[in-house]
């Protein structure tokens, strides 16, 4: 009679992950950490510089431009997207709404386009003169149709945030919708009996009820936003946009490594980003108190 | 009144969601000359099917699609199996190093992919997988996000039930297959769709390791059309439309499972 | 009854599915994967073991080179594999290939903006062969305008041969401009300087409606054309950075007000350089002239079909009387990888496609409008036939007339950084002029260009002295 599973079982089940991590995770990680200590130009042109790449990076104005842009995008995405997602989810969660499945499908559908194909599409939608957005703004509000969304520095980030909003709002909404449906209906009844208004219900029942999912989505959106690359890169015609307004950290890494040829400096950028993201996630989890929870 | 407002908002958002896609459809049937003349759609008689033949002429589109289906199919199945298995181990076993493993998993999610591009390329070369579909599939067989997803859903399986099964003489794989997996079934649909979209849209890595155009997946094949010296916008939109279609169809079929999965699974927090 | 029946069949099917532990999703995906797998099994990839491989990023190039490859194979009995690689992927693919020393093509075409990046490192470890000895040996140096080699020359070594010259001309709406000038007893060709151009055409200017020239202020495309026309450059010979020298300052001081001034002082505008809006502006007459390197003329033909017979090309008006009537923009090189097993064979094929049959060059010219640097090909009829789109101008003759005056473009491993910094400087100078006008503009331009250049210099200062290290 066996009361416990064999000791090796969980390791066996995790073997694919462990193996894959050792081969495709650990080795490249160590390799790129080592690379980050060199100035390189191809495998035969490497010069050891110690931590100089990191020191230089901290004084590199372009890195900070990239950081500012990326942070703006992350903030804009999280601040605009998540409340909108949550709001839509709450609306859809009302029992009296008919056609919920249809709306849910429609809201989610932009996400099906994927980054690459969305970028190809929006590159044309955002174009001046004939692009759909300008044509619509012109037709509806009489704004000039010559707005250059992707080549006016001040408009690049808003445009990117807008596309991301289109892509991801529905996706996050599905998470929230799922979370809302798991909130105990009796809590609402109790709150109603206590005479709580809508806002008070929202603050005291809804938010606590979906808190774990909310935090999950916030952290994941932040991580995702900080790794912004393909969308911006493809939308801006494989570049960083006017005045570097669309330069993101990962794009800066890509430019240095794969266009400039210095994989060493590129690795240093990557590791700095990884450290930032890690720090940020830890702060988020700590503030919200989820990191201590053990499920 | 309130209902009208709510429906108003919902319909407005729906329009905003759908218009770009409608524009994509319209553009796929617009000639290159009309592309710049008509913002949305030209008069019906000017619509053309010409972009599709020119798309198929310019690239082996069917082949790209089959490549995408093959890579996505194999990758998703592997990810599904390994994620469920790994999630099970993390949910229902206590063992030394569990915390470390989960910490490592979270850390890997935070490392930006491009940092590892160069060493990965070297590695894939040493494994002899450059310019092959295996080179796409093998490094992507494990999905950390999926492991977390399954772990969450499997936490709810009562330990007593598993113990009882063990006493009845079931081995661990049987328990996994017959007792735990069915509990996670709603998650499976959701995970499959998310994993499928991830693989279907994957861009940077395939772009680097695939060289023979007969092996290209759709995003790589289509992005090929965006040239410095010439871009055929009509054909590009036609191709984009066809590339997105399978995902839309799949989602349409799996919609119920997808939503149910996320409702029952990811939410336990 | 019938409905009942199907219902129960469906129901049974549903239940079947429900019995499976996995559900519908994996089945669908696995099924699609399986079908696709079978398809790929039946249609295996034909992988020819080639003696030579070539990467190119131009679809039209690829077609022409495939043809040349078949001819070459017939002559030499060696197999050539021509691969079309996306423009945006070619640099990163080559970078990865060189890094892992695997799958490096024997021959590769690279765009000039990225080329310099591949020339870094110890001279004898650069991924490309020095082609100077080959060019000298086979007497090709004398056949091509010498300036075209500058872009791909580093520390005296020629790492690539030029595919093109890319002279810049002015393309304009002849249907609007010519009648207007004719009424005033003038011809476009007589407007020898930019001052003449803007003065004589002033009457066509309609603020917010019609501008005289397209000048993009969001990237460095136009600026670099004007800069090189004045004898300047981002880099000079030997990789010397000169993006903040007096020529650059003067170019900026001249260009920005054209597009940033207010009211009818603004004579130029742009809707973007690279998207269809560029053509839209031309078609609608939002601007009536554009800077036009040879390669852009074929794009205009494709994307502004409506303008058939309404366009003409003239040499660029000069910055000052007697000044240069052309400039340079864009470019592609062909390099031979140091790792090539048979460089001699690679060179023979390179010669075949770059300095081979005039007829092949001519055929390509008819579709791309790109002038080859190989003078021997310029006699081909394709360069001398009238083009209906361009008001029956013989396009080839126009470009050939300017070919030898096209200024040299000097490359550097730091070119991408320098151009990015230049972009920023242009954008901020534009913004500054918009808000403050001419007031203190010159000091601002000097300061801005210098800070942009200083950034690049700081990066250059980090560059190890590869060759010295090699020697020690």
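Just so it is clear, A, B and C label the chains in written order, and each chain counts residues from 1 on its own.
Here is the rule we use: a contact is a pair of C-beta atoms (placed from the backbone, for glycine too) under 8 Å apart; a residue touches a chain by one contact, two chains touch by 3 or more.
Since the model is a prediction, treat every value here as computed from it, not as a measurement.
K.L.:
By the document's touch definition, which label belongs to this structure's chain graph: line, ring, star, complete, or other?
P.N.:
complete
K.L.:
Tell me which has more C-beta contacts between its two chains, B-C or A-C.
P.N.:
Pair with more contacting C-beta pairs, B-C versus A-C: B-C.
K.L.:
As a quick test, compute the distance in whole Å between the mean CA positions of chain A and chain B.
P.N.:
Going by mean C-alpha positions, chain A sits 16 Å from chain B.
K.L.:
Centroid of chain B to centroid of chain C, CA atoms only: how many Å?
P.N.:
Their C-alpha centroids are separated by 34 Å.
K.L.:
What whole-number Å value describes the gap between the mean CA coordinates of chain A and chain C?
P.N.:
Using C-alpha averages as centres, the distance is 33 Å.
K.L.:
Mark out which residues of chain A touch at least two other chains, giving numbers and ranges.
P.N.:
124, 129-131, 254, 257-258, 263
K.L.:
Counting only residues that touch at least two other chains, what does the list for chain C look like?
P.N.:
Where chain C meets two or more other chains at a single residue, that happens at 88, 92, 96, 99-100, 276-277, 280.
K.L.:
Would you please write down the residue numbers of chain B that are in contact with two or more other chains?
P.N.:
35-36, 117-118, 122, 223, 226, 233
K.L.:
Touching residues of chain A toward chain C in the complex: what are they?
P.N.:
Touching chain C: residues 39, 41-45, 47, 52, 56, 61-62, 123-124, 127-131, 146, 148, 150-153, 237-238, 240, 242-244, 254-255, 257-261, 263 of chain A.
K.L.:
Name, in rising order, each residue of chain C that touches chain A in their complex.
P.N.:
For this pair, the touching residues of chain C are 88, 91-92, 95-96, 98-101, 114, 117-118, 120-122, 125, 127, 216, 218-219, 271-277, 280-281, 284, 286, 413-414, 416-417, 420, 423-424, 427-428, 431, 455, 462-464, 466, 469.
K.L.:
Can you name the residues of chain C that touch chain B in the complex?
P.N.:
Going through chain C, the ones touching chain B are 21-26, 28-37, 39-40, 43, 45-47, 57-60, 83-89, 92-93, 96, 99-100, 102-103, 111, 276-277, 279-280, 283, 295, 298-299, 302-303, 305-306, 368.
K.L.:
Hey, which residues of chain B end up touching chain C in the complex?
P.N.:
Answer in residue numbers: 32-33, 35-36, 58, 63, 65-70, 72-74, 76-77, 80, 117-118, 121-122, 125, 130-131, 177-178, 181-182, 185, 188-189, 192-193, 196, 207-209, 211-215, 220, 223-224, 226-230, 233, 246, 250, 253-254, 257.
K.L.:
Applying the document's contact rule, which stretches of chain B touch chain A when the two form their complex?
P.N.:
3, 6-7, 9-10, 13-14, 16-21, 23-24, 27, 35-37, 39-40, 82, 85-86, 88-90, 93, 95, 98, 101, 104-105, 107-120, 122-123, 138-139, 141-142, 144, 147, 152, 155, 163, 166-167, 172, 176, 197, 200-201, 203-204, 219, 222-223, 226, 233, 236-237, 240, 243-244, 247-248, 251-252, 255, 258-259, 262-264, 266-269
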